[in-house]
Each structure stands twice: as C-alpha cells, then as structure tokens.
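What follows is subunit A paired twice: with subunit B in the first complex and subunit C in the second.
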Partner chain A sequence: MWTWFHRLGSPPYFYEWAGRWAPRIGVLAALLFAWGLYDGLVLAPTDYKQGESYRIIFIHVPAAWMSMMVYVTMAVSAAIGLIWRMKVAEVMARAAAPLGAWFTVLALVTGSLWGKPMWGTWWVWDARLTSELLLLFLYLGYIALNAAIEEPRQAARASAVLAVVGVVNIPIIHFSVEWWNTLHQGPTVTRLDAPAINIAMFLPLITMALAFMAYFAAVWLMRARGELLERERRSRWVQRVVAEESG
Partner chain B sequence: MDEIRLVPAFLAVLRRDLSLALRAPGELANPVIFFVMIASLFPLAVSAASETLRQISPGVIWVAALLASLISMEQLFRGDFEDGTLEQFALAPQPLAVLVLAKLCAHWLITGLPLVIVSPLLALFMHYPWQALPQLMAGLALGTPVLGALGAVGLSLTVGVRRGGLLLALLVLPLYVPVLIFGAGSADAAASGLGVTGQLELLGAMAALALTLAPLAAAAGLRISLD
Partner chain C sequence: MKPARRNRLILVLLLVGGVGVAVALMLSAFRENMLYFYPPSQVVSGEAPTGYPFRMGGMVADGSVRHGEGVNVHFQVTDGGASVPVRYEGVLPDLFGEGQGVVVRGRLSADGTFTAEEVLAKHDENYMPPEVADAMKDGKAAQTVSEGGE
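== the complex of A and B ==
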C-alpha cells in the first residue's frame, strides 16, 4: 500500500498512471450521468408540493456537496504537499481549486434558479446560500494567491497554508452564518436517522452524486497531468513524453 | 546560546514595535481617521434621519472597524519584511510564532485599541443608543484582536507579493465574516436592550482561538515568504 503511494509521488509515474485512469473514470462518470439524469428527470415521481421544479436538486445538491468535498480534498492534498514536500500533491491541490470553484458556482446558480419559483426571488441572504458564497470567495482567494506568486513551489506552499486555515475556518463560518439567519430547508439526506426523502428520489440523487464524484476525479487527474507537464517542462521525462507524443 | 528565554524576547519585540510606532505619531492617527471617515460617509449616502441611522449603526460601526483594521494590517510586517528584520526574527532561537504574537499585541495596542477608544464618537454620529455603549466597546475590544490575528496570517502569505494589498483583502475578508456577524449582532442586540453575553462569549472564544493558532500559521507563512 505504502510503496504504491510513494510511487505515485514520482511525477513520471503519476503522469502515466493518471493517463491510464482518467479516461476509465470518465467513462464511468458518463454512464452514471446518463442513468442518474434519466432516473431523476423521467422516472422519479413528481413532488406533491414543489411540482416538477424540485428536479433541479439532482444537479443542485450534488454540486453543493462537491463544492465542500473538493475544498477538503484540496486542503488535504495541499497539507500533504506542505508537510512531506510532495510535488504531485502540490500539483493536485492546485488542479482541484478551479473545479471546486465551478461546483460552487453551479450550486449557487442552480439554487438561484430554483429559488425564483419557490421563494419568489433570485437571491436571499439565507444561511446556506451565504456560506456557499463565502466558500466561493475562499476558493477565489486560494486561486488568486496561487496566481500571484511566481515561483511555483513557493506559491504551492503559501496557498497550502491558506487552504488549511480555510478548513479550520469553514465550520466557524458555517455555524456563525447558520445562527445568523436561516430560510433554507434543513438537510434532508445527511441526517443520522433515515433520510427524509422518498427512495425513488433518493436513488437518482445518489447516482448523480457518484456521477459528479467520478467526473471530478477524471477531470482532476487530467488537470493535474497538464499542470505537471507545465511545471516539469525542463525535466527529461517531460521532454521524452513530448518526443513520444509528437512521434 | 545555552538558554532560550521567551518572555524577555516577547517583551523586547513588544517594546521595539511600540517605540517605533510612537516615534511616528502622525501615522498612529491614520487608521482612526479612516474609521471615522467611513462611518461619516453613511449618513451622506443613506440618509441623515436619526431613526434610519440608529437602525444601521451597529453594522456600519463594525464594517468601518473591519475595514480600518484591514487597511492598517500592512504595517504589521511590511516594513520589517523589506528591511530584513523579519529574517533576523526567523533566525532567532526563539520560536517565530512567539515573536509574531508579540508583534500582534503591539499592533493591536497601536491600531486596535484606538478604534475601541474612538468608537463612542461613531456611536454619537450614528445615533447609537448611549446606554448600549459599554457592550459595543466590549465587542470591539474582543473582536479587533481576532481581525488582527487573521489579518496577520493573510499578510504573512502576501507580504512578498508586489502590490499585495488587494490580494490581502481577498484572502482575509471571508475569514472576517464570523467576527462581523457576532460583533454586529452583539451591538444590535445591545441597542435593543437585549442580553449580549452569548455573542460576547463567542467573540471571546474566537479571540482565544485566533490568538493561539494564528501566530503559528503566520509564522509558517512568513517562513514561506522569506524563502
């Protein structure tokens, strides 16, 4: 197990490994998306209160989950890079940030589209919307800091500190916003007792969540490959890869 | 170097930063003037009706305090970074985090405490009720150290970046939100005559957490920026 992990820390090995796995996970994501969307948009029953417009949750909820999961994933990779000086982990953290930011945007936009018919307004300063917006700001700060420092290793380490500080702060921000104001419906799936959602709606939701995760994993690996090539462009293994690719 | 004495080092840094600041008394007033100016923009922009002002006063005072402390953040590390003092601090046998904490304390005495002291003037401008003033000042006294500590982390990461001021704001403003919520919340509750112990305790908890963890993060950040 550990030798495998250590081997992944070597850029050329990682590059090749990610090149093998990214397409496979991508196919898995496509299949899950196809099934989840069909199940969610066609098969799942209509909600008795919210009608058809509730179906946006099959995009909105997985996107919101991903926005938080990606931040934690990014912070963990950044911390690994910071502590063990692992180049691949630094690259992974940097590659995850724009994806997480876009998941956050997607969650905000779909939430806003859903809010118009349901709450009668595009935007309310509700607790969860606000903390999602603040999460987006944290992502943008991370990306901005990464872009502002020219030396890539220094940029990776500085933004890793920021990501870790952000992770410590996310629960504080979340709960303070929660206590401040709330209008959003409470969590329906992540409760300790049985989910308060019909099983016919729950299955497509979980399928979509898995589809989002697989999509993230595939694109993450591909982005990391690209970052790695750019950062290591002067090393011999990149030149060999380029020579091979260009025939 | 047979013994590493923390307290004398802490006091030496504190005394150094304070005496440096006192030698340029003109600069001391700048964050305070900024604080008062921001607050005086609101009556001009929103309305001079005393009822409206009273309603928005807790938020305005807190946002003004937050911006004033953000804008005065640069002087915590900028000068010492440029003239190499911070490199000497990093080489010192004492942990860098302790020296950062000393700098933070000095910084709060120079920039945070004056905000607390002039806040009654803002309360007067904004028609904030007088009887709630002690609670407002207590909230500011607990909240401004948190703002400084979080700002120090952001600054430690951006101090090496040219024109890092705007970047600093982008990094730390989201982190300031909990302080703003409970600070303005306590001022608002006090103005309507409600108890504020809960909010003040939360602000105190945040101050304790920030002052213990932020110097460590800021020290790590400084070491990266000094590389």
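== the complex of A and C ==
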C-alpha cells in the first residue's frame, strides 16, 4: 500500500495509472447518473408538502456535498504538496479547483431556483448561503493565485497556503444551520439521527451522490493527466508518451 | 520523517489551528449579528430592535390565518412560548400555511403588531410522500387520544 502510494508520486506512473482508471470510473459515473436520474425524477414519490419541486434536491444536495468534499480533497492535496513537495499532489490540487468551483456554482444556482417558489426569494444573506458563497470565492481566489504565478512550484506553494487556510470555512458551512437561525433548513441526511427522508427518496439521492463522486474522480484524473503533461513537457517521459501516442 | 518535512507539517497544522481559533473568536463576537431572525418570545420580551426593521421567525399558528380584502392577510407567528400578530399585504410563497415555518421582515408597531414587508416560508428537513405524512398524522392523533386527548 505504502509503496503503491509512493509509486503514484512518480509522474509517469501516475499518468499511466490515471489513464487506465479514469475511463472506467467515467463509465461507472454514467451508469449511476442514468439510474439515479431515472429513480429520482420518475420512480421516487412526490413530497407531501413541496410536490414535484423537491426533486431538485437530487442535483442540489449532491452538488453542495461535492462543493465541500472537493475543497477538502483539494486542500489535502495542496498540503501534501506543501509538506512533502510532491509534484503529483500539487498537480492534483490544481486540477480539482475548477471542478469544485463549478459544483459550488451548481449548488448555489439550483438552490436559488428552488428558493424562489418555496421560500419566496432567490437569495437571502443567511449564514448557510453566505458561507457557501464564500466557498466559491475561496475557489476563485485559489484558481486566480495559482494562475498569477508563472513558476509552477511557487504557484503551488503560495496557493496551497490559501487552500489550507480556507478549510476553516468547511465546518462553518456544515454547522451554520445549527449554530445560527437560518432560513435554510437543517441537515436531513448528514446528522446523528436517522435521515429525515423517506427511503424511496433517500436511495436516488445517495445514487446521485455516488454518481457525482464518480464523475468528479474521473474528470479529476483526466485533468491531472493533462496538467502533468504540460508541466513536464520537457521531460523525457512526456516525449516518450507523445512519441508513442502519435505513433 | 525528515526534520524539514516535520517542521512544514507542524507549520501547516499551526496555520489551520490558528486561523480556526481566530475565526471561532470572531464568530462568537458577532454571534448576535449572524442571527438571521429573532423568535417571537424574544420579540415579546423586548430583545428585538424596535427602531428599525428586523426579521422574526417561527411557526404560523394553527387557525390564525385570516385573509382580508385583496392580498391583505393577518396571522400569528409563534415559537411555542409567545406569539406575535403579523399584518402583511402581498403575495405569499407556495409553502406558506398554518403550522409551517415562516420568516417575516418588517417593523414592530407600538401596539405589538408586526407589520411585514416580506414573508418567506422556511422549509423543514423532512421529505416524505403524502401517504406517509397522512399516516404519521393519523398515528400522532391516535397517540394523543390514547394519552388522554391532550
């Protein structure tokens, strides 16, 4: 396990390994999406209070979970890069950022679309919505800082500090609905009691969450491969790969 | 672990810990200002601001909704302890109803009536099909009857 982890730290090995796994995980994501959407939009019962409108949770909730999970993943990768100076970890952190930012946008937009008919407003400055918006700005700040510095190793180090500091926001997002009076409702699934959702609605929600995770994993690996090729373009292994793939 | 790496690891942990403590202190200092709304019992006991608009959140009391002319509506907002009468003129959100969570923004008049400029419905964390909701309601009703009709 440990040696395998060490080998993943070698760019050519990682490139080849990610190239093998990304398509498989991608196929898994497609299957999960197909089943999750069918189950969620067709098979799941309507809600007693919200009618059909509640079905947006099958996108909104996984997107919001991913926005936080990807951030932690990105920050951990960045920290590994910072501490162990591992090139692949730096690349992984950089590759995760735009994906996390888009998940955040998706969560904010779907939440807003649901909020207008249900709450009666597109947006309120309550603690949950505000801290999620802050998460988007953290992602954008990370991306901007990373892009602003020409030299890739320095860019990785500087932006890693930002990513690591921003982790403080993650528990704030999660607990905001419990610490303060917010318009956003409390947690339905991620709480100590049993989930407050009917099992026929819970299963498609979990399927969609797994689909989002698989989608992220596949695209993340693909993006990291691309980043690695560009960063290592002068190295011999990249030239060998290019020679092989162009025949 | 090599000393250089260990030092960097400690530095990163200190950074996260330090920022975490700083943010925790800041949030506890701003605790009151982070509240999105006040519950009716705090409004009745005079803890809510009187000079300027604020938000009040609670449940719409059962049997309290009265529709007046046009889009005029009166209802009571309660948190189980106290309740405050609310007057509102405007379109209500889909989820608005008796027994539903609600957040109203407006001013408190001298006679204790809250004049709302905006009414938002607050959703709870429960999701279930209508049959289950009915069954649960029947179950609860049966329970209260057996407990002596409280």
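Definition applied: the second predicted complex is superposed on the first by the 233 of 247 C-alpha atoms of A that agree within 3 Å, B and C clash if a C-alpha of one lies under 4 Å from a C-alpha of the other, contacts with A are read in each partner's own complex, and residues count from 1 in each chain.
By our rule, a residue touches a chain if its C-beta (ideal position, glycine included) is under 8 Å from a C-beta of that chain, and two chains touch if they have at least 3 such contacts.
Computed from a predicted model, the values in this text were never measured in an experiment.
Contacts of A:L134 after superposition on the shared chain: subunit B is touched, whereas subunit C is not. Residue by residue along subunit A, subunit B and subunit C are tallied for touches, and C comes out ahead. In the overlay built on the shared chain, the residue A:A144 is in contact with subunit B alone; subunit C does not reach it. Applying the stated contact rule after C-alpha superposition, one finds that A:Q50 touches subunit C and leaves subunit B untouched. Once the two complexes are overlaid on the shared chain, A:I172 sits against subunit B and subunit C alike. When both complexes are overlaid on chain A, the residue A:L162 reaches subunit B alone and has no touch with subunit C. By the touch criterion defined above, A:A200 reaches subunit C but does not reach subunit B. In the superposition on chain A, A:A79 makes contact with subunit C only, while subunit B stays out of contact range.
By the touch criterion stated above, A:W180 is placed in contact with subunit B and with subunit C alike.
By the touch criterion defined above, A:M118 reaches subunit C but does not reach subunit B.
The contact surfaces that subunit B and subunit C form on subunit A in the two complexes overlap at residues 161, 164-165, 168, 172, 179-180. Residue ranges of subunit A in contact with subunit C, taken from their complex: 45-50, 53-54, 57, 79, 82-84, 117-121, 124-127, 161, 164-165, 167-168, 172, 179-183, 185-188, 196-198, 200-201. Put simply, subunit B touches subunit A in their complex at residues 153-154, 156-158, 160-161, 164, 167, 170-171, 173-175, 177-178, 181-182, 185, 202, 206, 213, 217, 220-221, 224-225, 227. Chain contact summary for the complex, subunit C toward subunit A: residues 5, 8-9, 12, 15-16, 19-20, 23, 27, 34-39, 57, 91-96, 103, 118-134. Residues 134, 137-138, 140-141, 144-145, 148-149, 154, 157-159, 161-162, 164-166, 168-169, 172-173, 176-177, 179-180 of subunit A touch subunit B in their complex.
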